[in-house]
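Mind looking over this structure? Questions follow.
Going by the order they are written in, the chains are A, B, C, D, E, F, G and H; count residues from 1 in each one.
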Amino acid sequence: MTTVTDLIDRLESEADQHRDPETTPDVGIIMGSDSDLDAMSGAHEALDELGFAEQTDFEDPPEERFTYETYVVSAHRTPDLMYAYAETAADRGLDVLVAGAGGKSADLPNMTASLAYPLPVIGVPVQEKSVDSVIGMPTGAPIVAVDAGKSFNAALSAVQVLAREHDVLRERLVASHDDLRGDVAEVSAALHDRGVEGFRADRE
Amino acid sequence: MTTVTDLIDRLESEADQHRDPETTPDVGIIMGSDSDLDAMSGAHEALDELGFAEQTDFEDPPEERFTYETYVVSAHRTPDLMYAYAETAADRGLDVLVAGAGGKSADLPNMTASLAYPLPVIGVPVQEKSVDSVIGMPTGAPIVAVDAGKSFNAALSAVQVLAREHDVLRERLVASHDDLRGDVAEVSAALHDRGVEGFRADRE
Amino acid sequence: MTTVTDLIDRLESEADQHRDPETTPDVGIIMGSDSDLDAMSGAHEALDELGFAEQTDFEDPPEERFTYETYVVSAHRTPDLMYAYAETAADRGLDVLVAGAGGKSADLPNMTASLAYPLPVIGVPVQEKSVDSVIGMPTGAPIVAVDAGKSFNAALSAVQVLAREHDVLRERLVASHDDLRGDVAEVSAALHDRGVEGFRADRE
Amino acid sequence: MTTVTDLIDRLESEADQHRDPETTPDVGIIMGSDSDLDAMSGAHEALDELGFAEQTDFEDPPEERFTYETYVVSAHRTPDLMYAYAETAADRGLDVLVAGAGGKSADLPNMTASLAYPLPVIGVPVQEKSVDSVIGMPTGAPIVAVDAGKSFNAALSAVQVLAREHDVLRERLVASHDDLRGDVAEVSAALHDRGVEGFRADRE
Amino acid sequence: MTTVTDLIDRLESEADQHRDPETTPDVGIIMGSDSDLDAMSGAHEALDELGFAEQTDFEDPPEERFTYETYVVSAHRTPDLMYAYAETAADRGLDVLVAGAGGKSADLPNMTASLAYPLPVIGVPVQEKSVDSVIGMPTGAPIVAVDAGKSFNAALSAVQVLAREHDVLRERLVASHDDLRGDVAEVSAALHDRGVEGFRADRE
Amino acid sequence: MTTVTDLIDRLESEADQHRDPETTPDVGIIMGSDSDLDAMSGAHEALDELGFAEQTDFEDPPEERFTYETYVVSAHRTPDLMYAYAETAADRGLDVLVAGAGGKSADLPNMTASLAYPLPVIGVPVQEKSVDSVIGMPTGAPIVAVDAGKSFNAALSAVQVLAREHDVLRERLVASHDDLRGDVAEVSAALHDRGVEGFRADRE
Amino acid sequence: MTTVTDLIDRLESEADQHRDPETTPDVGIIMGSDSDLDAMSGAHEALDELGFAEQTDFEDPPEERFTYETYVVSAHRTPDLMYAYAETAADRGLDVLVAGAGGKSADLPNMTASLAYPLPVIGVPVQEKSVDSVIGMPTGAPIVAVDAGKSFNAALSAVQVLAREHDVLRERLVASHDDLRGDVAEVSAALHDRGVEGFRADRE
Amino acid sequence: MTTVTDLIDRLESEADQHRDPETTPDVGIIMGSDSDLDAMSGAHEALDELGFAEQTDFEDPPEERFTYETYVVSAHRTPDLMYAYAETAADRGLDVLVAGAGGKSADLPNMTASLAYPLPVIGVPVQEKSVDSVIGMPTGAPIVAVDAGKSFNAALSAVQVLAREHDVLRERLVASHDDLRGDVAEVSAALHDRGVEGFRADRE
C-alpha cells in the first residue's frame, strides 16, 4: 500500500538523482482524481500519436526519446503531494506539465503553475464549469489554458513548446496536422460531390 | 483521394470559368465539420421545400432554375480552403451564403462574411454556445445571424434575399408560410373544440 | 397633435397610393422608443455614408435614388401601429426593414419580421440583454440579427440585400470597405514603425 | 378544415354575442404551440382541482359556474390570430388570461398582455430560456409572470384574481392549500420518526 | 422610538378592529429596506397617477376611495414582523400586496406570498440579480412577478386586479394608457417628419 | 395522521422540557421536501461515518453521545412550521443546523438562519440554481453555505463546529480525512506505475 | 525589509511556543492582496463591534480576551507562505479563519481550508466572479462560504462558532442583532407614518 | 501612406531574407485594433521588465539579444493581412506570438494559431466577453490562452517558452518573480504589525 508520504518521498528521491534529462519524462500529466482520466485521455492519445512513450518507472525509461508520465494529485485532499510534485518537477527533468482538474474550484492547474514556476504549465479544465477557475490567474502568476476537456490540444501545445528545441517534434506536428487536413478535404469533397442524400447513404 | 490543395484548385478553376449565373448554385451552404450536418440539414430541407435542387457538379447543373451546393470548410483546420471558398464565391456565381459552425470559437461564418464581403452571409450557430462567437462582429464587418440550430430559418432568409430579384421565390415563400399557418389553425381548433383530454386521446 | 390612429391612417393611405418604387424609401428604420435613437444612429450614419438620403415626406421624395425613413413603433404600447407599419411596408415600397428594440422582451423586430414576411427584416438588439429575445425565433418564422448595438452593421447588411439588384450599391459598399481597410493599415504601420512609446506620443 | 381566418371570424362573432358573463369561460389558456401542452397542463390540472370545467363550445357552456378554454395561438406564425384573440377577450367574457410560450423570443404572453390590456394576463415561460423574454416588459406595459413551467401556479394566481369577487373560490383555494400542507406534515413526521433508513424502506 | 414588537402589536391591533374595507388601504407596498425606496417609488408614482392616496394612519383614512400604505419589512432581519404583516393583511382590509426586495436572496416577496395566501402578492425584484429568487416558487405556492425594478408595472398589475371589482379603476387604467400611446405617436411623427437631424435639433 | 399543528405543538413541547443537552440531537438536518432526500443523504452518510446516530424520538435518545435528527420543513408551504422549528432549535438542545433546499427561491436555509440566529446554520443548495438564493444574505444576517449538493461537506463543517468543544470529534475528522488521503495515494501510484492502459485494464 | 522566508520562519517559531490559547488571536483574517483590504474590512468592523481587539504582536497580546490578526497571503505568488500559515494556524492558537480572495481563481480560501483542516475556515469571495471558485470544493474537502463581499457576515459566522464555547460572545451577538432590528423598526414606522413624501423630506 | 497591400508585401519580403534568428524579433505581439493597445500594454511592460527591446525596423535590429515587435492586424477587416502575418511568422524568425482581440467574435488569436501552426500562439481575450471565443478551439487546432486582459501574463508565458532554450531568460523570470514575492511579504508584515488602522494611516 502506497501512502501520500511514500509518494512525496519517492518524488524527492527521484529529484535528488539528477538523471540525464534525455532519460526523464518530458511531459508530466497530472489530474485531480482518477475520475478525470477519461477527460484527460486526449492528452495520452495525442502524445501516443506523436511517438511519445509512457514512462511508468522513473529509473527505467523506455527506449523512445520522448516520454510522459501520469499521476493523480488532488489539490484539496493531498495539497502536500501537489506541493511536492510541482516543486520537484524541474529537478525530476520534466520540461512541461499538463494539469487537469474539474469542479468549480479547479485549483490544481493554477497552484501547480505557481509552485512549478517558471516551468510551463498548461491547464485543462475538465468540465465547462472549471474554465473560470483554471484561467483566472492574477497578474504575475501565469498559466495558459485550453478549453474545457481539450486535453488533446493541451498535449499538442506541450509538444509545440518542446518543438522549440527538437526539430523532429516540429516535423511530427506538421505531419499529424496534414493528416487532419486531408480528412477535412476528403469529407468535404464527398459531401459536395455525392450530395447530402448520397453522402448520408454512404455513411450508413 | 482529394486534398485541400485539390479543392482550392477546383474552386479557383470554377471561378475562372465565368459561367452563366443561371447555371451556378444560388445558395452556398458550408459547415465547419460533417458532424454539423444534422444541425444544418434544416437548410437543405427548407430549400428542398421551396423547389431548389442540389448541384453536386459545378459544370453539370440540374434542370431546376434555383440550386444550392454544400461543402465542409473548417476555419481552424483548413483556413486556406475557407479563404479560397469565400474569395471565389462571387465569381463562382453564388448569390448568398449560409455558413454554420459549432463550438465557442465558431469562426467560419464570421471569417467567411469578412472574406466574401459584400456577398451576404447568414451565420448559423450550430450550438447554443456558438451564438456569441457568430453574432459578435465589430462595426464595419457585417454578418447577420439566426438563432442556434435554426438552419431552416437561415435558408428562408437566404431565399428572402433572392426573392428581391425573383418574384417566383416570393410566391413560394408565401405559399409555404400559408401551409404553416394552416397547421396552427388546425391544431388550435382541435385542441379547443375537443378539449384537452379529447385532444390528447386523438393524438395517441 | 398626431395620434396613433392618425399614423395608422397615414400609413394605410400611403400604401394605397402604389407609388413608383424608385420614389419610395428603400430602407425603413423603426425602433421601440426614441430613447433607442442613439443606439440606432449607426444605421443612419452608415446609410448616409453610402449616399442614402432621409425621406421625411412620403409624398415628396428627395432627389437621391436611395432613401430611408425612420419611425418610432412600440410593440408593447402601440401594437396596432406595429401591425399597421409591418403590413403596409411592402405596399409602401420598402425593400428591407431595420428594426431595433431594447429590454429583455425586445419583441418589435420579431413581430415585425412575422407581420412583414417575406420582406427581409434585420433585427438590432439595442442592449446586450435584448439579443436572446431578438434572435430566438421558432422554425418557420425567420429573422436575421446583428449583435447588440450594431445598427451600423445592420444598415450595411440591408444594403447588401439591395445590392443584389443595384450594382452601384455594391460598388459603394466596396469603396467604403476599402477606406476602412486603409485605416487599419495606416495605424498598423504607425504602431510598428514608431514603436509603442512613439505611437502613444504621436497620439497625444 | 379550419383556417386562421375561420378562427378569427369565430372569435369576433362570439365577441359580438355579448353573452352573460356567467356562461362564458372565466380563464383563457393560450399557448404558442401544441408542443407546449405538457408544460401548460399544470394549469388545467390546477383548475380541475378547483372545480373548473373546460368549455369547448362557446355557445354551449358546461353546467359548472367556473370554466376555462384553451387555444393554440402562435405569435410568430399567426400574429393576426393573436391580435384577434387578445382584442376579443374582454368582449368574449374572459376575466383573466394565462399565456404560455417557449423559446428565447416568447412573445405571446407579452403581446397578449399589451393587446388585451387592462385584462390581467399571467405569463408562463414554457422553458427556462423563455423567462427573460416573458418578464422583461417596459414601464407602462404590465405583465405578471410565474417561473418557467409553473403553469399550475399561474392557474392558482388566476383564481386568486377571480377570488376577489367570488368567496367560494377563496374557500376552494384555502381548502386545496390545506391538503398540501397536510402532505408536508405527514412526510415530515414519517421521515423523522422512522429515521432515514426506515423512511426509505417504507417507500420502496 | 418604535420597536419591532411595537409594530407587530400595532398590526395585530388594527386587524382586530375589523374596519370597513372601504376605509382601509387597498394596496400594501412593502420593501426589504429603505434603500429600496427609489426602486419601489414607481409603485407610488403609478398609484398616484391613478388617483390613489397614501394612508399613513390606519385609523384616519384619507378622503379618496382608493388608498395604499407603505412599510419596511426585512425578511432576514425582522422575520417576525414579516410574519405579522402577512398574516394580518387580509384582516387589515388589504386587497393586494406589492412586495419588493433586492439581493440574491430576495425572500420577502415569496415568504409574504406564502404567508398571506390566498391574498394576491406581486413581487418586485429590486435588482436584476433578485429576479430568480423572487420568481422561483415551487408548485402550489404561487407568486406573480414583474421584471427587475418594474415597480410601476407592479402597481398597474395590482390595480388590474382591483379593477375586476371596480369599473372606475378600469376606466382610469385605460385613460392613463391612452396618454402613453399618444406620447408614442407624437414622438414617432416628430422623428419621421423632422428627420433624425431635425428631431435631434428640436430636442436640444 | 400528523398535521402541521401537531408538529408545531410537538416541537414547542419538546423545547419546554429543557432536556440535558447530552441527550438531545446535536445536528438538525432539515430539507424543503422529501424529494431533496437523495441530495441531502450525503449529510447522513458523513455523520454516520463519524459515529453519529440518528435520533428518531426526542424523548428516547440512542446510546451514542453524538446524534442528529431529520425533518421536512417547507418554507413556502409550511412557513409556520419553519418558524417553529427554527425558534425552538436552541431550546431543543440543537447545536448546529444543516438546511437544504432546491429551486431558485431556496428560502429555507436563509429564513432558518435568520430565525434561529445566533445558532449556526449551514446552507445546502440542493440544485446548482439554488446557490445564489442560499448564499445571498444581506449584511448583518449571516449564513454560511457549501456548494450545490455538497451535503456531505455541510455535515463535515457542522462537525468542525462541534469539534471546537469535543476533541474526540476532532480526532474522528482527522482519521476520516487520512483514509481519504490514502485513497488518493493508492490510485495515484497505481495509475503511474501501471501506466494508463494497465490501470484501465486493472479496473475492468 | 521582511521576506517571505522571514514570515514563514516567524510563523513556525510562534507555533513552537505553544502559548496559552487565551493569549493568542482567536480569529485569523487573511486575504490574497492588500487590494482586498476594503472588501475585507467588514470583518474587522464586525469584530470591533463585538469587542474584539486586533493583535499585532503575537508575543504581546492586547488586554481584551478576544482578538484577531490580519495577514496578506497570496496563493499564487506566495504558495509557501500560504502553506506555512495554514499549517501553523492551530498551533498558533487560532480557532477559526476568515480567508478572502478575488478574481476567478480565488484559491486562497479553499487551499487554506484544505491545509488547515479540521480548523474551520470561512471563505469570502472578494468579487462576484470569485464565488464559484471559493464555494466549489469537492466532497470530503469542506469549506463554508458567505456571499461576495460579505466579510461582515463572515466575521459574525466566525463568532457564532466561537460562541459555542463562550456565552459572552453569544450575548454580544444577540445584543448587536437587537440594535439592527431596532433600526428596521424605526425606519419602517417613519416611512409609514410620515408617508413617502414626508419620509423623503425628513431625510434631506 | 501605407496600404494593406504594402504591409503584406513588406512581410513577405522580410520572410524571404532568411535573416539570422538572433537578429529577428523573438516575440510578435498583434492585436485586432489600436483600441486594444491599453489592454495589451501589459505584454510590452512584462517584456521590457525582462530586458527585451522593441524592434521597429526588421532590417535594423536593436542591440539587445531579445526583442519583440507589434502590429495591428484585424481578422474581420484585414483577413488577408492576418493570413500574411501568420504565414510569414516562422520565416521572419519569430519564436512565439501573443495575439489579443476583443469583442464576442475575437477570431484573431484563433485564426492566427491555425495559420501559424505549429508556432506557439498565446491568446489574450481583450475583454471578458472575448474569453469563450479565444479559448474554444476544436480538437486538433491548439491555442493556449490567458484570462481576459492578462497580457502581462501572456508575455511571461511567451518567455517561459523561450526559456526552454535560453537559461538567461529563465534566470530573469525567477529574479522578477522574487521581487514580486518580496512585495507580498513586505505588505503582509506591514499590515499585520501595524494593524489595519495603522496600515491605512501609513498609506495615506
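Here is the rule we go by: a residue touches a chain if its C-beta (ideal position, glycine included) is under 8 Å from a C-beta of that chain, and two chains touch if they have at least 3 such contacts.
Remember, predicted model here, so these are calculated numbers, not experimental data.
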- Label-sorted list of chains bordering both subunit G and subunit H is A
- How short can a path of touching chains from subunit B to subunit E be, counted in steps? 2
- Note on the structure: Interface repeat test, G-H vs F-G, A-B or C-D, passes over-half contact pair overlap for A-B
- Item | Winner on C-beta contact pairs when B-C is weighed against A-B | B-C
- Message: Using Cα averages as centroids, what's the distance between subunit C and subunit G in whole Å?
- Response: 54
- Would you kindly tell me how far, in whole Å, the mean C-alpha position of subunit G lies from that of subunit A? 38
- Note on the structure: Whole-angstrom distance, CA centroid of subunit D to CA centroid of subunit G, is 49
- Residues in subunit E with touches to at least two other chains are numbered 33, 74, 77, 104, 135-137, 140-141, 147, 180
- Touching pairs of chains in this structure are A-B, A-F, A-G, A-H, B-C, B-D, B-H, C-D, C-E, C-H, D-E, D-F, E-F, E-G, F-G, G-H
- Per the touch rule, the subunit D residues reaching subunit E in their complex are 42, 95, 117-120, 122, 131, 135-137, 139-147, 150, 152-154, 156-157, 160-165, 170, 173-174, 177, 180
- Note on the structure: Per the touch rule above, subunit E residues touching subunit F in the complex are 32-33, 74-77, 79, 83, 103-107, 110-111, 113-115, 129, 132-138, 140-141
- Given the complex with subunit A, which residues does subunit B contribute to the contact? 1-4, 6-7, 33-34, 37, 41, 44, 54, 56-57, 69-74, 77-78, 81, 104
- Item | Contact set on subunit E toward subunit C in their complex | 147, 180-182, 184-189, 191-200
